[in-house]
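Each of the next two complexes has subunit A plus one more chain, namely subunit B in the first and subunit C in the second.
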Partner chain A sequence: MKILDKAKLSQFLEGLKPKYEVIAPLHEGKDILFGRLDSTKLAIDFVGKTRLSPKEYLFPQREVLFTFEENKKVEIKAYLDETKRVIWGIRPCDLHGIKILNMVYFSDYIDPYYQARSTNTLLLGLNCNEAEASCFCSSLGTGPFAREGFDLLFTDLGDTFLVEIGSKAGEMLIEEANLFIEAAEKDKEKAKMLESKSKQSFANQIDIKKVEGKLPDVLDNPLWAEEADKCFLCGACNFVCPACHCFNIEDIKVGQRTERVRYWDSCQLGGFTQMAAYNSRTAQVERLRQRIYHKFSYIPDRYNGQLGCTGCGRCIDVCLGEIDIAQILRKVANE
Partner chain B sequence: MNKNIYAPNLAAVKKVRDEAEGIKTFTLEFEDREIKESFDYHSGQFVELSIFGVGEAPVSITSSPVNKGYLELSVAAVGKVTQALHLKKEGDVVGIRGPYGNGFPLAEVKGKNILFVGGGIGLAPLRSLINQMFAQRDDFAKISILYGARTLQLLCFVDDLEKWGGAKNSEVLLSVDVPDSKWKGNVGVVGTLLPKTDIDVKNTMAFVCGPPIMIHFIILDLLKMQFGGEQIITTMERRMECGLGKCGHCNIGGKYVCLDGPVFSYRQLRELGENI
Partner chain C sequence: MKRILTTCEFCGCGCNFYLGVEDNRVVAIYPSVSHPVSQGRLCIKGWQGHEYIHSSERLTTPLIKEKDGFREASWDETYRVIADKFNQIRSQYGNDSIAVLSSAKCTNEENYLMQKFARACLGTNNVDHCARLCHASTVVGLAATLGSGAMTNSINEIEGADVIFIIGSNTTEQHPLIANRIIRAIERGAEVIVADPRKTQLAKLCSLHLMHKPGSDVALLNGMMSVIISEGLEDKEFIAERTEGFEGLKKAVADCTLERSSEIAGVPVESIIEAARIYAESKKSIIVYSMGITQHSTGVDNVMSCANLAMLTGNVGKEFTGVDPLRGQNNVQGACDMGALPNVFPGYQSVTDEKLRAKFEKAWGVNLPSQSGLTVVEMLSSVLEGKIKTMYIMGENPMVSDPDLNHVEECLKALDFLTVQDIFLTETASLADVVLPGVSFAEKDGTFTSTERRIQRVRKAIEPLGNSKPDWKIITDLSSRLGYTMEYDSPAEIMTEVVELTPIYGGISYERLEGEGLQWPCPTPDHPGTPYLHKGSFSRGLGKFSPVSYKPPMELPDVDYPFILTTGRISFHFHTGTMTRKDWALDRECPKGYVEVNSEDAKELGIRDGQMAKVISQRGEINLPLRSVDTIRRGVVFIPFHFAEAAANRLTAANLDPVAKIPEYKVCACRLERG
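This part shows the complex of A and B:
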């Protein structure tokens, strides 16, 4: 464990710039959003989560997979983003989201586009000292303090950060910066105290074991229709989710060239399951239910019990119809 | 093979055959010699077909693994990609990646009577398996093929049907929903053929493929005949973008149709949870 003066954070991050593209939470108007480091905007003391997770740096909203030049012969050219990147300020919920992306994109077949970004990106986490109203990571075990999935993990101790090393690459950053000092026992104790205090700040509580036990029996429960009635079919819940990973692939003509593009898709939209002559999920109730089951039943089934939800609550914050995933889970638990 | 799992391999259209009304069969050959020789697959698997500039679509393979060096896809022109494929001529180039999915059980059903029930273009993946079974004919007992289409003009693989029907210890029964004056055979949905053949349920495996509504009713018929959930094998159609278990579109229950399917037994379908 190391200690970094809070006043030196910006110096540390700026120092990485020659080697890395440095991404950090920035004040943008009223929001805090990830962006390329601009130290005048750097958000250090913020409660809860950034408006969006840093997912787009590993799995962009839109990316060109190939271009096709169709002259005499089709020439296929692939684009891999191998930019060396450091992302600082990733909350534990968002680290869990990246864990889900890793499981999906590295299982069965390795996704070369995700792999290129993932292997060139260092993840610098930032524990949460206080929950927002919509947060429920403490009920899922995905936060408010991270246990894994980071290269470095920062805990805000007030004037300093306690820094935990999660990988050799993370350790190298510390060694090269020459700004960190050894942590004392009292620093670690303070972090532990902050963690338990943070856990007490969660108003949103869910008995997740109970939810997982009940899910197999509530597939035809009226609660899905009650919730689906509130849906405006915008897909925002998926688009702000750090763990949602579904995509479309489409060919787009740009002059003589064709770009094969992949972009985020939403299981809440009717077209998600549309085939040429048949749609396998035509009702919103089926689609809403799919979102919950995929996250809390199907992903855990497939990937060693890992939940497909991070507990960040962003989908609650953005929903026009006030669909609240935490409330849905409580309803399931109480069935 | 390409290391990039999304990269299609170039394949030339070698032959285009009008299969039925709105349905064509394309014979494709990989341009890369090594891929052409090494490309191997199981009956029931599918490929992602690229029409460059239009997009990709999953298509089941209708040729049989015993046919080496080429690939046949039978395709109805119903969507963006399939309509674009129908415009392709001999010598044109398309993209293929795969094969994907699990494929039909073959070794597991040796020694049994085999009942195929197909509807329309749904015979395409079954044809791959049927031809493979005929290539090792002695491994199976009686082979019954029940096949229906909406009209006479929509019946696919007429030559194959004739060949299969003429072979020993096998039968082909045909039906059309809407007959014309030329049609002398059975009229009605393909399920109406089930009572017209002798089926020793205990020793029979049923392979069913067709439009969802047909699969639904055939399964009900077979269950009534006392077929067990393990004895009914079907192949699912779902929207897919990747075929690799990543894009999420074909997820049902804990399964991805592209990885764990598209071939499922009825018992497995029941266990998926979601009402199918």
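This part shows the complex of A and C:
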């Protein structure tokens, strides 16, 4: 465990720039968005989460896979993003999201595009000292303090950051920076105190064991239809989810060239999986229910009990129909 | 990646988001969390609807039509061709032989220039735009009763209302961020009443749904008012202090018995009574309406009835009360504000008022025409009468959007010369002699004014594609070619001129618009803007009750055409589909048109769900798949109008409201056969 003066954070991150593209939460107007580091905009003390997680640096909203030209010898040019990248300020929920992405994209089939980005990216986490209203990671064990999935993990102690080392590569960053000092016992104690205080700030509580126990029996419960009636079919719950990983592929004409592009997709839309002939879930109630079962039943079944939900609550914050996944889970638990 | 904060180009909610740009290409979207309306949310069009910007079908160079089709041309040649033609037609037939359509998709600055171009450069008031087709009746009806033809509330107030009466608005699909506030209100315990011939999403979630017949709105509203008056639920103090003409209303309403209302509207008496009580007994009631009210031959009557109901119960002019017409296009409010209308200068200043005209003559340095010009539908009809010889259409697609398309096509083809400025070769542009390539909202600076009168910045994120030019630049170039010099370095400079001439925009500047924008009226640089209208007194002084009696739609079902056809939009597409149908995600959700029919009616017709149906009206016929549903009133069929190849407007009639000249898109008669 190390200590970094808060005042030296931007110096540390700036120091990485010669070797890395540095991504961090930045103040854009009155909003906070992840972007390429501009120290004058660095958001150090932000509470809660950015609207989009930094997952797009591993799995972009729109990614050109390759291009080809028709009417002559077909020439294919593939694009792999091998930019050396460091992302600072990743919340524990978002680290869990990346863990899910890794499990999916490195499972039966290794996705070369994801792999190129993933293997060149260092993840610098930032623990949460305070929950927002929609947050429920503490109920899922995915936060508010991270346990794994990071190269370095920062905890805001006030004037300093406590920094936990998660990998050799993370350790190298610290050594090369020469800005960190050894943490004292009192720093670690303070972090523990902050963690328990943070856990107490969660208004949103879910008994996840109970949910998992009840799910097999509530497939035909009327609650799904009640929730589905509120859906606007916007897809936002998927777009903002740090763990959602589905995409669609389209050929886009650009003059003489054609780009084969993959875009974020949403399982809440009727057109989802149409490339496989059709979407078998024709009614919204089936699609909404699938989202919950996928995250809390099918992904855990397939990937060693890991939840496909991070507990970040972003899908609650963006829902035009005020569909609240935490409420749904509580309803399931109380069935 | 660069990120540029801007205002959404689709509906009137006015959401803000950041466009993520790499190598002059929009590659990502980030909703703005700090924005008062979006609050970090977007609908599917906001998230997924911007791929059209880079479509390979974008127009990137001017086109001139030759015998065998269009050829690419230089800007210089194209301007010369247009200028020569305009000059020739003007000298031969006079200034009023030219008509101009401005665009609710373009910025305030561009709309300002377009009407200035028509009036000062061409010398005609023949300038209008698609507001004629959506809320012309609001502009007239609310101006007559309240004094201002705009939404009285702010969007966020809706969330705080105790009762929301939605009539003729499928808010979920057309104004998703406003529907979000309504759902939040429901969760807070507010009562929502929906009057709609279709069981919309909000009709499913509300406390009372009145599935009235299309075109029966005045009867329904008069019925509610008769209950309110007979039960003494009116706000006597408000009526006495803030309104005039109550006795007239009382009499008109007394003529309309509850039984008759019920019969005309096809709604049980008890439901009308219940709706009236719920609405009147609350002191925080808001009326939300949209095209279900306005797009009728009685559109102005319908709008005035809504205003009457609000004044009767004192539910206007205070926070969480009001009358809220929801404007459909990103900048239809602004295009009206900027005077892209045949009878008013910017800021609703009448062209027939000598003093006001003198002000504009002085500012623009020319004599201006003193008679009101022609409206959209009148312009087209005048072509066949030989009065209009040439049209200049910017960012509109009447070949899909206007009623009775076979007639529209005949009119456009009869023009001596047609100029179309657009970003795609639309159905209308294909008929043009000259096509000017404008740009999308991502390629220019300017402002849009949302449905809650919020003036907001549009910011340039990418360079214009190919050889296209920002629309404001094209207008100034063309005007200068025609001998009326317009010189502006930037849209900000245009806004400075707008501000000088438009009292309701008097306090606006680009600096002040940073952040959340400003809601007009904002008359002075230190004025904070106006969240809700008519506080203390109405824009016209006293609110004026305008009693109306029920008049049936101009075309009703009969033996040959037994169904009522009503048309509208769906959430995945926008208007004539020129943008949204080029977007893979939106196109995938709904690639083609359909006719929605009640399942009982479908059964009687012998047409199954998914089978092709032929829909026939007196004006035309189209083929499209039938959707059998339980969510539409029997005897009524619905067709979304986005799809040119199965255009609902081949069937609709150009039956106009006598004052607002809005066509009756919501009612015409049709029959269905197996397709």
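What we mean here is this: the second predicted complex is superposed on the first by the 326 of 335 C-alpha atoms of A that agree within 3 Å, B and C clash if a C-alpha of one lies under 4 Å from a C-alpha of the other, contacts with A are read in each partner's own complex, and residues count from 1 in each chain.
Note that in this section a contact is a pair of C-beta atoms (placed from the backbone, for glycine too) under 8 Å apart; a residue touches a chain by one contact, two chains touch by 3 or more.
A quick note: this is a predicted structure, and the numbers were derived from the prediction, not measured.
When both complexes are superposed on subunit A, subunit B and subunit C sit side by side without a clash.
By the touch criterion defined above, A:G321 reaches subunit C but does not reach subunit B.
By the touch criterion defined above, A:D301 reaches subunit B but does not reach subunit C. In the overlay built on the shared chain, the residue A:Q274 is in contact with subunit B and with subunit C.
Looking at the shared chain after the overlay, A:K8 reaches neither subunit B nor subunit C.
With both structures placed on the common chain, the touch criterion links A:K253 to subunit B and to subunit C.
Within the superposed three-chain model, A:R36 lies in touch with subunit C and out of touch with subunit B [touch as defined at top]. Residue contacts after overlaying the shared chain place A:Y109 against subunit B, while subunit C stays out of touching range. The partner of subunit A that touches more of its residues, comparing subunit B with subunit C, is B. When the shared chain is aligned, no partner comes close enough to touch A:K199: not subunit B, not subunit C. Working from the superposition on chain A, the subunit A vertex angle toward subunit B and subunit C, CA centres, sits at 80° in steps of 10. Nearest C-alpha atoms belonging to subunit B and subunit C sit 12 Å apart in the superposition, given in whole angstrom.
Taken together, the two complexes place residues 248, 250, 253, 265, 274 of subunit A in contact with subunit B and also with subunit C.
Residues 3-8, 10, 52-57, 78-80, 82, 93, 95, 211-212, 237-239, 241-242, 244-249, 251, 253-254, 259, 273-276 of subunit B are the ones that touch subunit A when the two sit in their complex. Those residues of subunit A that touch subunit B in the complex are listed here as 65-66, 68, 70, 73-74, 76, 78, 104-105, 107-113, 216, 219-220, 245-251, 253, 258, 260, 262, 265, 267, 272-278, 280, 286, 289-290, 293-294, 297-298, 301-302. For subunit C in complex with subunit A, the residues that touch the partner chain are 1, 3, 5, 18, 20, 27-34, 40-44, 46-48, 51, 54, 56, 172, 176-177, 179-180, 183-184, 187, 201, 204-205, 515, 571-572, 584-585, 588-589. Listing the residues of subunit A that touch subunit C in their complex gives 28-33, 35-36, 51-52, 56, 60-62, 229-230, 232-236, 239, 248, 250, 252-255, 263, 265, 269-271, 274, 317-322.
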